[in-house]
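Two complexes come next, and they have one chain in common, subunit A, joined by subunit B in the first and subunit C in the second.
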Partner chain A sequence: MRLELKNIHKYFGSLHANDDISLTVESGTIYGLLGENGAGKSTLMKVLSGFIHREGGEILLDGKSVEFKSPAEAIRAGVGMLHQDPLDLPPLRVLDNFLLGREDGFLQDRSKALADLKKYSAQFGFDIAPDALVSALTVGERQQLEIMRLLSLGAKILIFDEPTTGISLPQKIKLFETLRLLAKQGMTVIFVTHKLEDAQDLCGKVTVLRLGKVTGEVTRPFTTDQLVKLMFGQSLAASQRETIALGEPVLELRDLCVADFRLRVPNINLQVRAAEVIGLAGIEGSGQRLFLRACAGLDRPAGGELWINGAKINRQAYHRFLDSGIVYLPAGRLEEGLVPGLNLTEHLILAKRSKEFFVNWNLAQTQAQERIKEYSIRGAPESRVEALSGGNQQRALLALLQPNLKLILLEHPTRGLDIESTMWVWRQLLERRRRGTAIVFASADLDEIFEYSDRILVFSGGRVAKALNAKETSVTQLGELIGGKGL
Partner chain B sequence: MDTHLLLITLASILADSAPLVFAVIGETIGEKAGVTNLSLDGSILLSAMVGFAVAYTTNNLYLAFLAAMLVGALVAALIAFSSIVLRLDQIAVGFVLTLLCTDLSTFFGNPFVRQPGPSVPHLAIPILENIPIIGALFFDHNVVVYLSFVAILAAWWWIYKTQPGLKLQGIGERPAAAFARGTNVNLQRFLYTIVGGSLVGMAGASYSLFVKLGWSYHATSGLGWIALSIVIFGGWNPIRGAIGAYIFGGLQSFGDFAQSIFPSVPTQVFQTAPFAFMIIALLLVSNDAIDRFFSGSPVSRKIWQSLRGTPPGALSTTFEQE
Partner chain C sequence: MTKNFWTNLVWGVGPIILGLILTTLALVAVGANPLQAYQSMWNGAFGNTAKFGDLILVWVPLLLASVGLLITFTAGLWNIGIEGQIVMGAIFTAWAARAFDFPSIILIPLLFLAGMLGGALWALLAGVLKTYGKVHEIFGGLGLNFIATAVTLYLIIGPWKLPGIASTSGTESFRPAAWLPTLPGLSVGPIEITVALVSLVLVYFALRGTLWGLKLKAIGKNTRSAFWIGVPTTRYMLGAFALCGVFAGMAGTVQAIGVWHRLIPSISGGYGYLGILVVLLSGFQALGVPFVAFFFSAVSKGSVALPLDLNIDSSLGGVLQGIIVLLVVLSQGVRARWQRASAAARVDSTILAAPVTRAAEE
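Right, the complex of A and B next:
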């Protein structure tokens, strides 16, 4: 089935998530859709598969204009999407999952479904027990189940959203084999990814999105360099920076391992010295957040040692980290950083961590007024934090910091801020740095990483590269590392 | 105790548990769809009152049951509406409705307190009642009791054997996935909550028109809360839920029996013992430590897992399309 998207537009509030996107995919091919987080790939694919509605443009299947009100309608027309986290029902059994959504009559026709499942399993060489609970399957197996389910519902166009994120290498090889087989059978395969290597291995044609727009289209053979340039833009030039003598080590990580239920990043070794700025680069969700939270003392590391100011501090309570002069500013400013419902004065009182029982409200009010002026926050002492704009929330978070900090950890310090606020935030941070505070920040913006970091730590697919000296690193080099190449 | 007496006792447990069974099945259906109807204790009370009042004034039992079911359905519809349309918290709304329904039953039920009224007539099923043991246990009751048996089997069959039942499981476990498979999640949730609510209404009427005839203040008090906990005990499975209801009924009648043997023990001990047993049972089936204990051997693990149930993944949450 031939697919054409013409001038697709989609807004989320004021964010133009898909800006006039057009592309054509021929049947029997594997088509790559490449871009960073937030480039608009998933949005476009959800528009195509009926999960969200577009605000403009046209979708053509084999030349006929179509309109999907729901994912079920899209499937009926032959468009099926496989989500990054497979959209299945883990508490139910494999066969139940396969059955649910089939339109064959009132009673569950289990024997027919079983025969179907076996037919597809044999075709692709999958081996999944029909009565196993889906929760007991690996992500790779759940993808296989979804592929079979979508095919059995008559999908001719299959969209794979970041399918290689949660699966092992053997499963990835199997998946690629399956995708090639699907293409050979005449299916249209759309492969959405941020991994350069995967796109290069698999796709005949790749369209690159950046900030909601198509930045280019390349056809095999193409080089990684081409893709990197399209993905990250070329406007990355290091600016002038004052050199500051680095001081004593404030943070030292020895074979640190951070992990949550789905990701494990072992063997992180790093020494951060006073007045040093370290940028954490990588696709979002590659472990930067886990890393920052571990360094801040919010999560216990899964292994290794964490040294602060020359003392081992692994299994200490969070307030010890605070006492050592370490703070963490999360990306979710309102959700994690501030307390919605409380005003600026109340925040200031909380941030002081005073041991006194009674609150001196008059004093707090005056101090809040001073801070508001000093940090040019657009708001009053009695303004509730949720009423502030994103930029002012970030200013408020900075205004709450104690004066002499050893280390500030930041997650996307300028995300969603306008240029003015962005510059202001960095002026504040650099001023603190001049006074000897070390800064570690994660950002999805490579410009920001290059501009402010002394060294860069790249996170990719559960691994961390050795810290790179920012001055000696090229954009291409960094792009390749982020894409998982040469790591 | 001879066999005959034992049979009579067991049969009366099956019959007297009918209201609890209706309530448990109704709540199981609603919760399977992801909607918690916490108002059970109040809505059973109100429907028991309305059922009796209608029977008392019209002398028509069909009308009485219909009215009671309507009350249950209406309360459930309020919960569904406030959750799905107004996006209010199901637990909070359910709790308020419990209190409201309880007070309404007292207020409107005033004229009917301790009045003699009609009751559901006994109706043994010919031929079947003559089967040894089984006949006496299952086929020597009234229509309401038979319906309670039917409700258990029908709910089980619907949930696990039909295509719409599979969708029902889907909307309770992961609405986004059910939606992707073409289910109108919120409409279905609405319908199942109302169906569950009418069964809850059935529970009320069967109590006041059969199990404990007539109406008095707070007559069914406590029944709703125990039904809610039996749904958990039953692991959201109608058959296991029904077994839980019968065990509770059995404990209650054992309490009556034990009281006649130990007259010196205060009556309250035997009245409250079943509730205490239920708490212990609930602790047992939802305890991680016991999980680990039983996971030692594969056989014990298998038996244990069949006893444990996990709540529907999206219970008490709302669903919104992207």
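Right, the complex of A and C next:
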């Protein structure tokens, strides 16, 4: 089935997530869609598969214009999508999941479904027990199940959104084999990725997106260098910053390992010195958040040692990190930082962590007024935080920080902020740095990383590269590391 | 008067009037005369001084339970287990009343302390189950309620049974020194009224003016953020449970030595569950609690007269209470939805419609 997208537009509020995107995919090919976080890849694919609605443009299947109101309609027309986190139902069994989305009427034909499942399994060489619980399967196996389910529903165009993120190498090889087989059978395969090597291995044609726009299209043979240039642009200028003498080590990590249920990043070694700025680069979800939370004492690391101000931390207790002057500023401002329903004064009282019993509301009010002025927050002491704009919420978070901190850990410090607020946030941070505070921040914005970091730590595919000196690192080098090359 | 005032009034009083209308329809449906029924309820609650005293004796434990619930609700906890905490308070009180033979002036404070301890321990159990065992407090509390009732029954027909007979009607009456003194001609006395009012005032100011109250509020609104700011969330949640248990336990004490003067199987009087409704209807605000509790007490007490006067089942009172709470909560939901819709309509009229969603990050 031939697919054409013509001049697709999609907005999220003021964000132009898809800006006039056009592309054509021939049937029987594997087509790559490459780009950084926030480039608009997933948005485009969700538009194509009926999950979200576009604000302009046209979708043509075999030359016929189509309109999907839901994913179910898209599947009926032959477009199926495998999401980054498979959208299956883990508590159910394999066969039940396989039956989902069928329109057999009220009674299911389970024996026919079982036969179908076996037929597809044999065809692709999958080995999944039909009565196993989906929760017991690996991500790779869940992908296989999802492929078979979509095919049985009649999908002719299969979209794979970052399918190699959570799976092992043998599973990846198997997946690529399957994709090639699908293409050979005449299916249209769209492969969405940020990994350069995967795109190079697999795709006949690659379109690169950056900040919601198509930056280029390449057909085999192409080089990684070409892709990196299209992905990251060439705008990154070398940063010009005042040099500040670094102080004593504040935080030291020895073979630290951070992990959650889907990702494990071992062997992190790093020494952060006073007044140093370290940027964490990498595709989102590569372990930066786990790393930051472990360093802030919010999550227990899975292994290794953490030293603060020259003393080893044995028992992880968050308040001890706070007492040592280490704080973490989360990206979810209203979810894990501010308390919706409380006002600015109340936040400032709580953040003081004082031991007094009665609150002196008048004093607190006056202090809040001063702090609001100092941090130029557009709001009053009695303004509830959820009523503030994103930029003012970030200012409020910064206003909660005590003076003379040793280390500030930040996750996406300027995400979603306008230029003025972004500049303001960094002025604040650099001012603190001048007074000796070390800063570690994760960002999806490479310009930001280059602009402010002394050293850069790249997270990719469950590994962390040795910290790079920002001045001696080129965009290409960094882009390749982020894409998983040379790690 | 501003437009805002009238909107608030309509949203506040509307559901109550609607509740009365629905209850009236229910009365008509079962063939009763609604006016007579309401008349009978009114007389049952306020007919004479003695009846009013009985009403206050309902109001006191209900108020104590509701005051306790204000604390747990502020911390965002659904302490359904309050029923069991009242029961445990009564059991501890009953044990102390049977064990110690002191004059009233020493014994009664001791009995209150016993009740507070019983309620607090039982509540703490629900709290530990939640914070360390990851058992949601609704399920943990519900389970503990059943256990508390079972323990009561066991004590009544087992170790504390009436001499000679095993009956589920209750234990022997406590010695008179353990009885709460009453005002002349009334069933209610000054001690329990004072205890309830002081509790209300203390909790009102504690939640409003102290750092402790502010921290509980932060936990209730967003536990993750509160923890991030530096509030020791686990400790404070356990504290909220224990303190609610203290007030629930006092309600149990009043039930045991002020109302029944013995331990009976249904010693809690259902005031724990009713207290949840009271706090819901008060919009989780301490100031509304005594009035709503008074209204509920009047309805409960008044409906007792229905079977005698009109041969209508006294559960009508429960129907009225339930309908009103449902309608109030429903009207809050409808109102929120309505306001969201009109807010969205306002935003739509500007060019940038939808807020930035998570999908935009991909």
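Following the convention adopted for this analysis, the second predicted complex is superposed on the first by the 484 of 487 C-alpha atoms of A that agree within 3 Å, B and C clash if a C-alpha of one lies under 4 Å from a C-alpha of the other, contacts with A are read in each partner's own complex, and residues count from 1 in each chain.
Simple rule for what comes next: a residue touches a chain if its C-beta (ideal position, glycine included) is under 8 Å from a C-beta of that chain, and two chains touch if they have at least 3 such contacts.
Source: prediction; values computed, not measured.
Of the two partner chains placed around the shared chain by superposition, subunit C is the only one that A:G38 touches, whereas subunit B remains out of contact. By the document's definition of touching, of the two partners only subunit C reaches A:G13; subunit B does not.
When the two complexes are overlaid on their common chain A, residue A:T422 makes contact with neither subunit B nor subunit C. Of the two partner chains placed by the overlay, only subunit C lies in contact with A:L400; subunit B stays clear of it. When the two structures are aligned on the shared chain, A:S354 is found in touch with subunit C, with no touch to subunit B. By the touch criterion stated above, A:G337 is placed in contact with subunit C alone, subunit B being left untouched. Of the two partner chains, neither subunit B nor subunit C is touched by A:T207.
In the superposition on chain A, contact of A:I52 is made with both subunit B and subunit C.
Between subunit B and subunit C, C touches the greater number of residues of subunit A. Residues 46, 52 of subunit A contact both subunit B in one complex and subunit C in the other.
Across the complex, subunit B is touched by residues 46, 51-52, 70-72, 75, 87-92, 96, 99-108 of subunit A. Contact residues on subunit C toward subunit A in their complex (touch as defined above): 209-212, 214-215, 217-218, 221-222, 224-232, 352-357, 359-362. On subunit B, the positions that touch subunit A within their shared complex are 161-167, 169-170, 173-174, 176-183, 310, 312-313, 321-322. For subunit A in complex with subunit C, the touching residues are 11-15, 17, 37-38, 41-43, 46, 52, 284, 298, 318-319, 322, 328, 330, 334-342, 346-347, 349-351, 353-354, 356-359, 361, 400, 416.
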